[in-house]
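Two complexes follow with chain A in common, the first pairing it with chain B and the second with chain C.
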Partner chain A sequence: MAAEYMSVHPFDYYNKFIQQDIRPDGRSLSEFRHTILTTGTINTADSSATVKLGQTFLCCGIKLELGKPTEDNPNEGFIVPNIEMTPLCETSFKPGPPSAYQQAANQYLLELLTNSEVIDLTQLCVTQGELCWCIYADIVCLNWDGNIRDASWIALITALSRLKLPRIVFDEETQKHLLDKETTQKHLDVNPIPVSTTFAIFNDSIVIVDPNLQEEKITRSTLSIAITKDGEVCSVYKSGGSGLKTCQLGVCMRRALERAVDIIELIDKTA
Partner chain B sequence: MDNGEVDINDEVSETLVPHICCEFQVLSKTDGSASFFQGSTSVLCGIHGPTEVKQSKQQNDKSAIEISANFNTVTHSCREKMLQEIIKNTAETMIITHTYPRTGITVSLQALHNDGSSLSAFINCLTMALIDSGLSMSFLVVAVTCGIPREPDKPIILYPSLEEEKLCVSVVTLCFDSVNYDVVTSYTTGTFSILRYEQALLQSESAGRRLVAIFEFIKRRSSDNCS
Partner chain C sequence: IGNKKEINKINKVQQHSKMPLDTRRITGPESSISPYSLLTHNKTQPQVPPSGVRPDGREDDKIRPIFLKTGVVSQAQGSAYIEQQGTKMICAVYGPRAVVRQEDFSMKGQLTCEFKFTPFSCRYRRQHQQDGEEKDFSVQLLEALEPAVLLHKFPKAQVNIYITVLQNDGCALAASITCASVALADAGIEMYDLVTGCSARLAGDRLLMDPCSLEEYSSVEDTSINNGSVTVGLMPSLDQISAVTSTGEIQFELMKKAITQCVSMCVQLYPVCQNSLTKSIEKKVVEAAT
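On to the complex of A and B.
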């Protein structure tokens, strides 16, 4: 009976719960879903991480390749994130080129990397102007239950923080670059990590944290805040939709800060 | 008819917004158009709609809005796609799309000259073109750009030029609605503290109120000229 009511009147169904300050899945308005993080799940990748945020399940695999740096930035390498959302994760996705939604999610990750400068790209330079590391991070969504931004960011940054760069030596005799397998590889230097928190605005007035898929569909707008645990904000991204008062923004900032502390602890604890 | 120059900068709020100049009906083949000058940055916008759309793009309960924005950048990256999404979502907030079901509204934006604060110039120009097009709107949306300088004691720069943007550690674009002055859109680059963002919010809101007054003045002047 409840399931039929939910499919015919999703908004009213949801409203009845919100009026009692609770959501259909039992969470309060400011509660996150349970987050599980594991690393090293893909053996063939240079680094990998799997994230389960409620039912949103995705994994990030990183592959290192050597390439030529651009002329504008001859001493910097590249990090190329790519989110793949196939029909496997949700029926609304069709095979083929990424939709505008996927491209926006991809761009969000890229913006976070650039804004926060969490990874100094000069570490990826092998020889200035000639050789640099390209980090290809493929994030495959296996099950989509909303909030792709937060989950994919956690997977990406965890995989990057566990990545080890091999040493490249230049062999004078053969005039070629060789991989030095004997020296221990070093981890990438990672600056303070920002954590992304997404909010959805229900009925133009009520802010809910960590929306699942059903909540994303019935709300008009989302707000994503990326903040480090020391309070440095890297992104406040709100793309149209219902208006938010300044005081509500302040509350969201503080909730995002609390979340940042929890997630950094989770990333540090994970082996 | 053309609106010509508008200059109502008074002493008190002179520093809040740059010199604004707006012309309506600049393109004859569109349903609504505007050219918008914000300091030295200028943008042109043309709107077609409501028009017929393909079955695949049709939505039963509202109009499908399509944005094509040309930022005049040399390389095309996902960044332009994200900015287009932001402009599209802002347009969807402004237009009462439920008034025009199963139709499409096409918005074309072209950057004429970029001297900083380009995203806010695009959104302000879009608002003006929508006024000219006569589409039903719930409210106007005004956009303000703030530049947050590197030094924490320096004040926030409103509508920074291209040179000033390069010296800033972060650039924040905020959009407010004209009724309650709630934040409709927020887009940031760079890193900043919560305090700085709150300062930017306060200053942008004052600038937003000023801008709404200017837009209302332009609207009244142009309708007086028409009648």
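On to the complex of A and C.
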């Protein structure tokens, strides 16, 4: 009975719960879903992390490659994140090139990575102007239940923080670069990590934290805040649709800060 | 200064990573190479020695232990996760749902398979777009599963199977056959039987069951006789083979032996599949009751 009502009148169904300050899955308006994080899940990848945020389940695998730096930045390498949302993860996806939604999610990750300067790209330089590391961070979504941004950011940044760069030596005799597997590899230096928190604005007035897929479909806009645990705001992204009061934004910032502390603790605790 | 030869090597079409311009994804440099190509002694694909221990210490006729779990993708009608030691993949089944193109009306339902390796699943990075090998596997998987599914039970509808390989350590096709049939059963699609898959590698006189990626068939190896691999898809309780594929040159007697061994291994896999499905049904019953 409830299921039929939900499919015919999703908005009204949801509204009835919100008026009682609760959501259909039992969460309060400011409660996150249970987050599980594991690293080193994929042995063929140079670094990997798997995140489960409620039912949203995705895996980030990093492959290292070598390439030529651009002429504008001869002493910087590349970090190339990409989210793959295949038809496997949800019923509405069709095979083919990434949709606008996916491209937007991709862009969000890339901008957060560059703007927060969490990883200094000069560490990825091997020989200035000639050889640099390219970190291909591919995030594969295996089950999509909303909030792809937060989950993929956690996976991405955890995988990057666990990544070790092998040494490349230049052999003078043969005039070639060689991969030195003997010496211990060093971790990437990672600056204070921002954590992304996504909110959805329901009925143009009520802000809910960590929307699942059903909630994303009935709300008109989302707000994503990326903040470090020390309170440095790295990004605020609000898509169009509904308005947002300034005081609400303040509340969201505070909630995002609490979340940042929790997630950094989770990342540090994970082996 | 540095070495111009090295840089030219990178800029030419090199190992695996010359990417066609993809405007819809974030791109890195125009071309890049894997660091494995800069190893001090660049080993070609290792040959299977005529005798001796296998890389993971197994005997020639032993397959790796299998872990199967259903219901891993909540959005799908049915799903399964398989782990054959180093080979890990997820299969999701959507359907029966409406066919996209109306002119494809038919009294038989449609079954489609899409097989994809993730970019980080193999030693060398793979592209985002499906390449020839993946398309080939998709077709072979479809051919292995179609005989088992009662297509006439969902006319005018389609069932889509999606396989994503998270980590490839050999036998990807064989594992995908097993995984997909368990996922189909989890989705409640009517089938004559489950299909289990098993692979064998033939090199010289040796017959290796369930090869890992180091042992997998490669056409560049030059053994004087017998260099190939066989994959078998079997419906165990009907005792019928639904698919056999082989690559390479194999002598007839050894081929017969390989297929027989693969069939017996497929039969061994059957209780594992049944077990995982029973567990998932028990879980569903418990959840429905509460």
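Here is the rule we go by: the second predicted complex is superposed on the first by the 271 of 271 C-alpha atoms of A that agree within 3 Å, B and C clash if a C-alpha of one lies under 4 Å from a C-alpha of the other, contacts with A are read in each partner's own complex, and residues count from 1 in each chain.
In this section, a contact is a pair of C-beta atoms (placed from the backbone, for glycine too) under 8 Å apart; a residue touches a chain by one contact, two chains touch by 3 or more.
These numbers were taken from a predicted model, which means no experiment stands behind them.
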Now for A:234: first (chain B), second (chain C), both, or neither, which partner does it touch?
first
Partner chain in contact with A:244 - chain B first, chain C second, else both or neither:
first
With the two structures laid over each other on chain A, which partner does A:115 touch: chain B (first), chain C (second), both, or neither?
first
Looking at the overlay, does A:136 come into contact with chain B only (first), chain C only (second), both, or neither?
second
Contact-wise, after the overlay, does A:62 reach chain B, chain C, both or neither (first, second, both, neither)?
second
With both structures placed on chain A, which of the two partners, chain B or chain C, ends up touching more residues of chain A?
C
Could you look at A:175 and tell me whether it touches chain B, chain C, both or neither (first, second, both, neither)?
second
Mind working out whether A:221 is in touch with chain B, chain C, both or neither, as first, second, both or neither?
first
Can you list the residues of chain A that touch chain B in one structure and chain C in the other?
103, 106-107, 110
Given the complex, residues on chain B that touch chain A span 78-79, 81-82, 85-86, 88-93, 170, 172, 176-177, 180, 182-194, 197-198, 201-202, 205
Contacts from chain A onto chain C in the complex sit at residues 41-45, 48, 55, 57, 59, 61-70, 78, 80-82, 84, 86-91, 95, 97-98, 103, 106-107, 110, 127, 130-131, 134, 136, 138, 140, 142-145, 166, 168, 170, 175-181, 213
For a test of understanding, state which residues of chain A touch chain B in their complex under the given definition.
100, 103-104, 106-108, 110-111, 114-117, 220-221, 223, 227, 231-246, 249-250, 253, 257
Please give the residue numbers of chain C that touch chain A in the complex, ascending.
2-3, 5-7, 10-11, 17, 24-36, 38-40, 72-76, 86, 88, 90, 92, 94, 97, 114, 116, 118-123, 125, 128, 160, 162-164, 166-169
